[in-house]
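The two complexes that follow have subunit A in common; it is paired with subunit B in the first and with subunit C in the second.
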Partner chain A sequence: MAFKRTPQVFSASINEVTLGTGEKAVTIGGGNTMPLYSFDAPPKHKVAIGVEITDTGVDKTLPGMAAYYEGAETLTDIAKRAAEMPGADFVVLALDGADPNGDNRPVDECIAIAKEVADAIDVPLAITGSKNVEKDTELFSKLAEALQGRNVLFVSAREENYKTIAASAVMAYGNKISAESAVDINLAKQLNVLLTQMGIQPTSFVMNVGSAAAGYGYDYVASTLDRVRDAALTQNDAMLQMPIITPVASEAWNVKESIVSEEDFPEWGSRESRGVSMEICTAASVIAGGSDAVILRHPESVKTISGMIAGLM
Partner chain B sequence: MGKFVIIGERIHCISPVIKQAMADMNPEPIIQRAKEQIEAGATYIDVNIGPAEKNGPELMKWAVQTIQEACDNVPLALDTANRAAIEAGISVYNRSKGKPIVNSADAGDRIENVDLAAANDAIIIALCSKAGVPSDNDERMMYCQELLERGMEHGMEAEDMWFDPLFLVIKGMQDKQMDVLEFIGLLSDMGLNSTGGLSNVSNGTPKIIRPILDSTMVAMAMCKGLTSAIVNPCDRRLIETIKSADIIKNNFLYADSFLDI
Partner chain C sequence: MYTLTFKIEGKPDVKCQVEAGTNILDAAVAEGVEIDAPCAGNGTCGKCRVRLISGAVEMPSNPHLPYIDYEEMWRLACQSKVIGDAVVWVPATASAFKEDIATADLSTPAELARYEKAMDDIFSSGLARGCTEKGCGVAIDIGTTTVTAALLDLDTGKVLSKASRGNGQIRFGADVINRIIQQMKPGGKERLQKAVREETLFPIIQALLKDSGKSETDISRIVIAGNTTMEHLFMGADGDSIRLEPYVPEFLELSGVTIKDAGMPGKPDAPVILAPNVGSYVGGDITAGVLDTMLWNSDEMTLFIDLGTNGELVFGNRDYMLCCACSAGPAFEGGDISCGMRATKGAIDSVHIDDDTLEPEYTLISGDKPLGLCGSGLIDIISELFRTGAVNAKGRFVRESKRIRYDEFGGTYIVAFEDESGSGKQIELTEGDLDNFIRAKGAIFSAIRTMLKSLDMTVDNIDRIIIAGGIGSGINMEKAISIGMLPKVPLEKYSYIGNSSLTGACAMLISDEATQKVFDIGRNMTYIELSTEPGYMDEFLAACFLPHTDATLFD
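And now, the complex of A and B:
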């Protein structure tokens, strides 16, 4: 008997969320198949790649990074270079310097920096904060006002501060937010319920269900992603149909393999290639798990992952 | 497994308000009752227009369009003995949120409703009975098979046949309750969907007792594999029980606010 292929296409689908404005705006989500199952139905939107830059400058200890950003001295130059990176869909400004336990950069300075980046690029902008709940609450609220009308994505609002951030960033100034939960599917859903109950439209927010670098508890991330997509599509769970964005760079470049120097671990080889490998492995895994956008840092990772997306979607 | 399907039973011509609204073709009370039930958690809304011998087709068409237009094309169960009315209702039915349900067929006089559902790509509620209450589960299973065969002959998918085990009233048939539950288990083992008029179990008991008996019965029946029931969604205890059982069965992902959604 001849093999009859039955496409597994669901009547439910992931919400579509648009970032940025104008010609270079990017829409993510829309999928109604299992991740990367483009043989079941053509994907509505490709997985988007955000290129991360930070307010603390380019890590020039990495030769590949230094070479790519060579000659880019100001934040404007760096932002433009990131936006032009082959495979980049949007730019992510990581305000690492805002961390109260670090440089504790004042909110006003952060606003000036964010405006400079936003003015330098025509692709969409996402902003990650200090990871400090109190600081990010104030930071995102003020940034949302300063960047009104640009449809910026703020990563992320958490259980402790979602109300304030959602009220200002989304309701008052029309930007987008991601709802962050730390690899906890029940909390991920709960946060989506709470945001929805506030009146936030499903097209105005995405999820960050957490991540871990490959080898650092990634199995929990894998099962969380699988279960989110499964509930969204097979159970038509509207409270889990938000597209997923995964900040890969901040995880992948912060594990031992990406930090220790070649001098200390000569047998491990080049630090840069280790970090790139961690970034690529993690990004490929979260995309296979259903992530609709990833945040990457290194041009080599962006090139590889964008090639993978082009080949599979 | 998907979520338990709650079919709201409150648009019924036995209710004086609904009866009057249907007589006058007054949309307001009907829309209001549909909205209340959706808000309370109903997936499908049952539309019982009674025998409607005089103006059945016209009335059902009007009811279907009135409710669907006002309630974002909520899926409906068309509930009447008047077959022409069911067909008329389906002819104007919007399927974007789900197929229509024909309520209902049995293995006796009403077996032709299976054919009607098949011809119209509808879901059929198939009562496992012929005339009166089946005496035991062997008899129920015999009717189930007859109905299933009839559906297959007419090209229905088994998943579109929702078998009704016939819930029985506790006051009078207390000794038969476990039979019904076991039959639900048999249907579930066969991979078949099931539904039924659940509140029948508490008929004639004090008002304060009914939600308790109905809730307990639905929990026990869901444990056996019941996939749907025709109930009053405005019974809060019952809906909370169904939602909780859906969580325990892993039909729906837990979140702290699961009772609110």
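And now, the complex of A and C:
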């Protein structure tokens, strides 16, 4: 008997959320099949890749990174270079220096930096903060005002500060936010409910359901992604149909494999190739789990993952 | 040696000589000065406040005593050491737990009618009245917080007198875990046993005898129903078996216990019957309570919820019964809540909040001015704060009003300003309190869901829901449903049966067949250990939201 293919297409679908403005604006989400099942139905939008740059500069201790950004001295140069990276869909500015436990860069300086980056590029911009709740609340609120009309994505609003960030970033200045929760389907849904109850439109935010580098408790991430997508598509749960963005770089480049030096672990080989491997493994996993956008740092990772997306979607 | 003087509001002073370094709470306990210490002196509840009038005591800073209060010379008795002669003032609220506890102890016409009906039901089901012993007997419900008892004529089955009293073990901790920890300290077994036997049951039995005109020698049968921990502490069995893995209690059933063995007043050789336990956290109070619910004799799928310090659930009908326990924590009885209190004088038991101004209107159990919120008041206020949009679904304050104050710890709702409250101190509900309560209600609701799920059932399969426990009498079911504490089923399916444990114990007292029935119930119940149930944590997190993460459950 001949094989008869039955496409598994759901009547429910993931929301579509657009980042940026103009020709290079990027829309993510819209899917109504299992992740990467492009044989069931053509994907509405490809998984998008954001290239991360930081206010603290390029990590020149990594030869590949140093080579790619060679000659780019100012943040404007670095941002342009990131936007031009083959496979890049948008640029992510990580304001690592804003961390009160680190450089504690003042909000005014952060605004100047963000404006410089935004002016340098024509692709959409996402901004990740200090990960400090109080600082990010102020930072995102002020940045949202300064970047009004650019349709910037702020990553992330959490349960502790979603109210202020959503009110300023989305309601007052028309930008987008990502709702971050800690690897739990219920917590993810609860934050989405709270945002919706505030009057935030489902098309104005994405979610970051939390991540871990592959091998670092990733099994929790895998089951969370599976369950979130399952609820969105098979149960038509409107409170879980937001597109998912996963900041992979900050996880993958902060684990032992990506940090310890070659001198200390000669048998492990090049630190850069280890970090790239971690980044690629993690990104490939979250995309297979249903992530609609990933944030990556290394040009090699971006090349590999964009190749994978092109091949599968 | 120093002189420590307790100036007790409304009572004569108590003076004692103590060594330097003596803990004030310990000194108070030794002198019989009543100070409520639900956390057993761990410094984690902030309830044992006394005010230093003169002299000095040493107390490290404690998060449960705000700096302003410290400046005003308030101290936590359990954290204070004597370092010289001192005079401390003990406010009346500190000893309120002993008096006026609103208990379902057959003292109102409604409770009596419920009792009569329950007895009729039990003995029209085919079980015969009558027991081997003659004379009179005592049925006792040993609750973690309150002990209630009734003296019955064994021949006629009539209630001759009844009495209740706070459990004297309370100063060793509000919950069973703290009691067990105290029991396992050197001399602890004797102390805990003495606290329940001599300090609690003796006076109760004396009162029962006095009111009925009977004498000790008339007592020829005693039935005791208590949770597993209470029965262990009463008998002097190791409580650690309940607290530690694999959570297998020292005993489920005991036979052959006599009044002499149990150290109770009465005929020495007469029997003391303990209602059987099912597991570490489902005990004799539940098996006796199930007899009262008639669940065992009905085709209707019945959910029985005992809302005490622990929440216990039984679900089933005449064919099978499942039971489980969840640690709701002491929130329903006012513990772990900054303005929480037991259902005594001055406790707010129902609340309405104005939609626009957020001004509260409330009723008290008794008294003129509020002192705090009891369990049913808490359910009401949280439901009202949520309904008016003052708090969001996560229990965070989101509205502005003169009643809401924001600081670095989040929002606080002022239930009563200083001039409105009975103690002259503001009555406040903080976000921390909301968190504690939401966890408690989440524990109950997720336990219900998990138990039903294990049978592949949903709340739609429930024909009736019976609520028991001290919190129950004042509980507003509609509001409890609105915050997702109880499942959304038609209100007429809900009923409240008061102290089912005592009623069950009374039936056991006057009938050998009823006693046998309770033992059968105990053996037939399937005990589900929620902590090892894979889906429970997930259900719990989903239930820690107002009303629930899955809003369709409450549409």
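Heads up, the rule we're going with is that the second predicted complex is superposed on the first by the 313 of 313 C-alpha atoms of A that agree within 3 Å, B and C clash if a C-alpha of one lies under 4 Å from a C-alpha of the other, contacts with A are read in each partner's own complex, and residues count from 1 in each chain.
Following the convention adopted for this analysis, a contact is a pair of C-beta atoms (placed from the backbone, for glycine too) under 8 Å apart; a residue touches a chain by one contact, two chains touch by 3 or more.
No experiment lies behind these values; they were computed from the predicted model shown.
With the C-alpha superposition on subunit A as described, subunit C and subunit B clash in the combined arrangement. Once the two complexes are laid over each other on the shared chain, residue contacts for A:E109 go to neither subunit B nor subunit C. When the shared chain is aligned, subunit B comes close enough to touch A:L240, but subunit C does not. Judged by the touch definition given at the top, the superposed model places A:N186 against both subunit B and subunit C.
Comparing subunit B with subunit C, the partner in contact with more residues of subunit A is B.
When both complexes are overlaid on chain A, the residue A:K163 reaches subunit C alone and has no touch with subunit B.
When the two complexes are overlaid on their common chain A, residue A:E262 makes contact with neither subunit B nor subunit C.
In the superposed model, A:Q197 lies in contact with both subunit B and subunit C.
Subunit A uses residues 185-187, 189-190, 193-194, 197 to touch subunit B in one structure and subunit C in the other. Across the complex, subunit A is touched by residues 392-394, 396, 398, 538, 541-542, 544-545, 549, 551 of subunit C. Residue ranges on subunit A touching subunit B, taken from their complex, read 185-187, 189-190, 192-194, 197, 227, 231, 234-237, 239-240.
Residues 2-3, 251-257, 260-261 of subunit B touch subunit A in their complex. Interface residues of subunit A facing subunit C in the complex, by the touch rule stated above, are 159, 163, 184-187, 189-190, 193-194, 197.
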